[in-house]
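Below you'll find the structure, written out as structure tokens, and then a few comments.
Note that the chains are named A, B, C and D in the order they appear, and that numbering of residues resets to 1 at the start of each chain.
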């Protein structure tokens, strides 16, 4: 198990390193001069040149990469020239929106999907099952941002129950903050829940067809106990895979959803920073997001080992 | 069935009613762009001024809602007869937010800093006429110009010319310390900036306790935020399509003002076939400005015929110079030798006036045989390719700097217009102090660029102000980019 | 003799058809997909109105008898826009799937055939691509090359590559462990030849099913990218673009947002049902094989 | 005679539209062993599942299954749950998948005990431990915390048996409990089942496709075919009289000796294949940054030769290295050490192009008639595949002639060419596989368990075919099998492999009748021998 973790960690680090090079390289070829963008179209060339020097944009590529990387290693994410503050501060601020949003959405979709999956699997072929599955099919087909627009239209503009967007900050209290994350989380969670409940259902059904389920039934255990005690944990493995993948989806989803609800999260930060050519912010945040996806997949791997003892001894 | 809405409404009132208190002392203002920093003397972005101008920072003079120069930190001033020496009498008792007092040395420091060799002031040209700045007393400053400058007082009213203290000048970007009626309370990056009242203000106290500027670039989100009451004012709503809806809603006041934004179809004057004045004139005839204003801006905007703001006293109405006449446009093209049509590109920056306007223009020009390929660009790419690289045929952009007709005299400006007569005119303008004379010169300048059809002048961007009907005192026009909230209050 | 061939083939076809007619998912899926495709094709020869013609005076009409689904802010007929938009949305998704198949399948087959180091490198690379939230890379790609339908295709296509590589690899690995591969190797056939003769024909089913799913994801991705302004650009029309234009007009002209949204849902739903149906029909054991 | 503990009367079963079982009758007495024998598709497993009421969805049953005076078919699910595992236990065929991979064996044994009795956790654990001990897995060596994947197939089957018998059920149903195991394990498991029945006064239903397996242990035998009981009665009577033609056919087939003229023909001195000092070592899996699991030597310094036209059997328990050896001979896997000389050419050093000639003369037939064909190609294409090795390009016509001839040789008509593999039965497919091997006129065919997946009656036919090919074409065989009766039927000589080494080699009859080495003896002892069994049973009564 220790070797399993060590080996996985090595792969995680390697993947991250390669990803950082890709990100850095990609951003270097984004056209445009940040200094010019900052100073506006009527600025003099001298002023632009001075700013470029000040921003450290004139250093050689390799040096900039090394500086960036070595900074990251000690937790220094660089300096945002458009916001005039450390990128680390920006991230710390924004993550208090993005992370809760992603977690609420993930929790919401899991809390909806797993019971629905179990319920429909245990009532396979019934009208409940069929209609629930029909609903999930439609749920998968709905683009989450479109769903978000509808939600805003109905709950914020027409019923005025929740804010149409924006984020008041956690310091205004738990409820106002949660309230403003409610619609975005629902918009993100429901389509994901549709996928997840289908996966849960089919994984369960597949597991229920395994030989060891028959062994358990032959012991005299009733179908329900077999489902809960034998099938569920085995069915968890494909569900975990999807959960891991969904995290990346959710992150991507938050980027759009944060824009629909103008939430000051990491996704919006990237959008804004790219538009303003604040590459230090972009590269650091992108690396952070990629790292979190990789890290989540690492956790999923560990969870596999928890769910499946066969993997514990493998490399 | 009627019970449910009541319960829901009651619940909603309990849960959601931070705004239902009487005698409101707070205001949330929506803005499209978040400022990159808060130092107007170091940053060009209009968003900086939109937050801090007149609220946090003050200059020697200030520009009022109607565009007139008014006293600010300078109580009054005298100008020598030769127009070269300005003597400013400063306000007494003004204090910076950090408690340090304001005096003449701060003025000297600020102006010298702005015009220094290594200054990063984005509008350095504002100070180019200054030869020296001297403090002749604690409250007296004498500014000597190297040549007369008619716009000097106006220039000193710009956000870029506000007075800062030497102690805090370097940190103003994050922590602005000015002399204004509001000071920075909190900046939640990416979301909002909150100002609180400055109890030590030298002048009349502001009528609000807190003002929050919330940044909502997305037109749909901006509209939704206003409708949902999350923001109570959007001085420049980026969604012209929603204006009609707000006008019909008694909860809101809609004020359509004017901005300094001349929206033009910028033309690369050195690139064939657009180096041919007839081609440019043909385009001017082929374009139906009103259709563009209707289609892209939902009717909001004033047609213009030159690069000048219609609300400016020196404005000349030239929008009928090239009337909408596709036949004439075709004839002009034929005359220029392009009966077979023209193929060109239209590079569009992100704002919706450009993207939507571009679609309409492409459609209109296609009718006279000019076939445009639309190339959408991010601002970064636009700057690189169009503005710096001059690699473009046509583009649409709004020039939001006030009184910037002098860009037509600049060598190598992106639309590459070169006219010695025009340059001479601007040179003369720069040394003219007399207002009437200056107006005359401005009018001449407008006429020249219109005759040359340098660009196709489309419309002046409207300032689509929408705010809660109970709010008083917001600016209706924006002679400078500012959201001056010093006089804003709630009526009850 | 050739009659014989026809016999067995039609027999296979007949059983497929018999099963297909009983498979509800497949039937609904093929109808919806066929409907959308038909609309896209018809738009090439006929639309109720010309979508390149802007009639500003007719803007924002609610649905009526002239404009069955209303008009947009430029006075274009939304029914015609939906029809024309169908072909762009479909083209983007289809080409992105094409990129995924054209690059991913050979890579996956290569990895499965060679195993070991090459396989490891390929799988690790696909991990890296998977680690990028798709939209993020799309944002970066469009920041570099500018927003356009082509770049949307590339951005979506890049994510299809590892998907197809993994599916092809997984399926190919199970085929490689079959005894008939051993027989072919014993006959002296090389990896390329075996892949061509044995592996590819046997993983086609899986690829078709995955292709259908990726196609539907592509439609959603195009919509997402165009919605944030990074995909299809004016004057081209796509469903995502229509939503992008409609988002600010939700309050004054909700039909502008609702109609393309429904078009997307119908298409994605159709494709997903078709994919599920095909999976059941082509090989019920597909899911087991991974 | 006391009333039977289980009485199946007129049992019929329909799944969906298809009628699977027709009027099955079966009686089982206390402490008796009832054997059910039948080839695949005979309905024997579904009969067992009907008793357990664990049939697939959409099944409808008719008739009665009486257990202790209750008709199981009319009991509700709760009542069945109370019976299953408590009164009736069941053991399945595939030990590798019959245990839940994520639960320890202790949990899995304990669960049934605690479910049916109100035993405390500790009591259940104690019981589980003693059960493990009883089935031959002493808890000192096999603690309850083991997971199934840490056990071998035979050990897992013992755990399954422990689960099924933990509560001393009155009836144990064992559905092909040994089919997936090699003969030595099979004998051990059968012994265990016998002991359990004797010790606990349990009745056992033993289901098998192999008459030989049940012949020795069963009290009654029921022969099934296509959902119908063909013959039933006491084991002695059924076996001795073989009244029913199908029973006779089954019995004959399982001891079938093909008519084989070359059987007595002496070996030619000319070796066709010479293998010297061949080894294959697999690197141990990495278990740590610096550590590996110990290397595994699959084939350990093996030398032998095969003369032209001889049929050599390679026998041994599963995992002894015989398939690895075969793959090296075929050039599909690189030896770690040693040399292979085929037709006087070293094949180990050859690259693919020079290997062609050797490959043409060495073909292969595999075990699984379903997995050995690409389902998407016609028989014509499949049979022609090795023709790829021919040096000169054949015309289409020549090709078809060759294919037709090969099919003809294996007893199929040329019509088969245009069909797809799925249109053939298992036996026919194995013929097609042989035709594919024949088409290049090889000198040697390596046959890897070619009949072990076939029903006995078909197995006999295929063995006949192989014998005929050796007679007619003089093809040498390297015949890999774990089944000694197959080796006896078709080989001149056998080599016995154990733990990677060849431990014994000699004339087939000599070795099998008089094994010298311990591994050989164990194989011989464990192999079910129908003739011997019949002899023993007849004299006993």
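One rule holds for everything that comes next: a residue touches a chain if its C-beta (ideal position, glycine included) is under 8 Å from a C-beta of that chain, and two chains touch if they have at least 3 such contacts.
For each chain, UniProt lists the protein as follows: A = Peptide ABC transporter; B = ABC transporter substrate-binding protein; C = Peptide ABC transporter permease; D = Microcin ABC transporter ATP-binding protein.
Quick caveat, the model's predicted, so the values are computed rather than measured.
Trainee: Which pair, A-C or B-C, has more C-beta contacts?
Mentor: Higher contact count goes to A-C.
Trainee: Averaging each chain's C-alpha atoms to get its centre, pick out the one most distant from chain D.
Mentor: Following the centroid criterion, the farthest chain would be B.
Trainee: Which integer distance in Å separates the CA centroid of chain A (Peptide ABC transporter) from that of chain C?
Mentor: Whole-Å distance between the two chain centres: 23.
Trainee: How many Å are there between the centre of chain C and the centre of chain D, using C-alpha atoms for each centre?
Mentor: 46
Trainee: For chain A (Peptide ABC transporter) versus chain D, what separation do you get between their C-alpha means, in angstrom?
Mentor: Chain A (Peptide ABC transporter) and chain D have C-alpha centres separated by 50 Å.
Trainee: Could you check chain D for residues that touch two or more other chains and list them?
Mentor: In chain D, nothing touches at least two other chains.
Trainee: Scan chain C for residues touching two or more other chains and write them down.
Mentor: 143, 247, 250-251
Trainee: Multi-chain contacts only, two chains or more: what residues does chain B have there?
Mentor: Residues 218, 220, 224, 227, 350, 378, 380-381 of chain B each touch two or more of the other chains.
Trainee: Per the touch rule above, enumerate the chain pairs that touch, sorted by label.
Mentor: Final set of chain pairs in contact is A-B, A-C, A-D, B-C, C-D.
Trainee: Can you tell me which positions in chain D touch chain A (Peptide ABC transporter) when the two form their complex?
Mentor: 52, 54, 57, 77-78, 81-86, 89-90, 92, 94, 97-103, 108, 111-112, 115-116, 147, 149, 160, 163-164, 285-289
Trainee: Contact residues on chain B for chain A (Peptide ABC transporter) in the complex?
Mentor: 8, 12, 15-16, 18, 34, 36-37, 43-45, 118-125, 173-174, 188-192, 214-218, 220-222, 224-225, 227-231, 350, 378-381, 383-385, 387-388, 401, 404, 407, 414
Trainee: Can you list the chain A (Peptide ABC transporter) residues touching chain B in their complex?
Mentor: Against chain B, the touching part of chain A (Peptide ABC transporter) is residues 30-34, 36-44, 47, 50-51, 54, 81-85, 89-90, 93-94, 149, 152, 156-157, 160-167, 169, 175-176, 179, 259-265, 268-269, 272, 274-277.
Trainee: Spell out the part of chain A (Peptide ABC transporter) that touches chain C in their complex, as residue ranges.
Mentor: 11, 14-15, 18-19, 22-23, 26-27, 29-31, 137-138, 140-143, 145-146, 149-150, 152-153, 157, 202, 206, 245, 248-249, 251-253, 255-256, 259-260, 270-271, 274, 282, 286, 289-290, 293-294, 297
Trainee: In the complex of these two chains, what residues of chain C are touching chain D?
Mentor: Of all residues in chain C, those touching chain D are 1, 4-5, 8, 178-180, 182-190, 197-198, 201-202.
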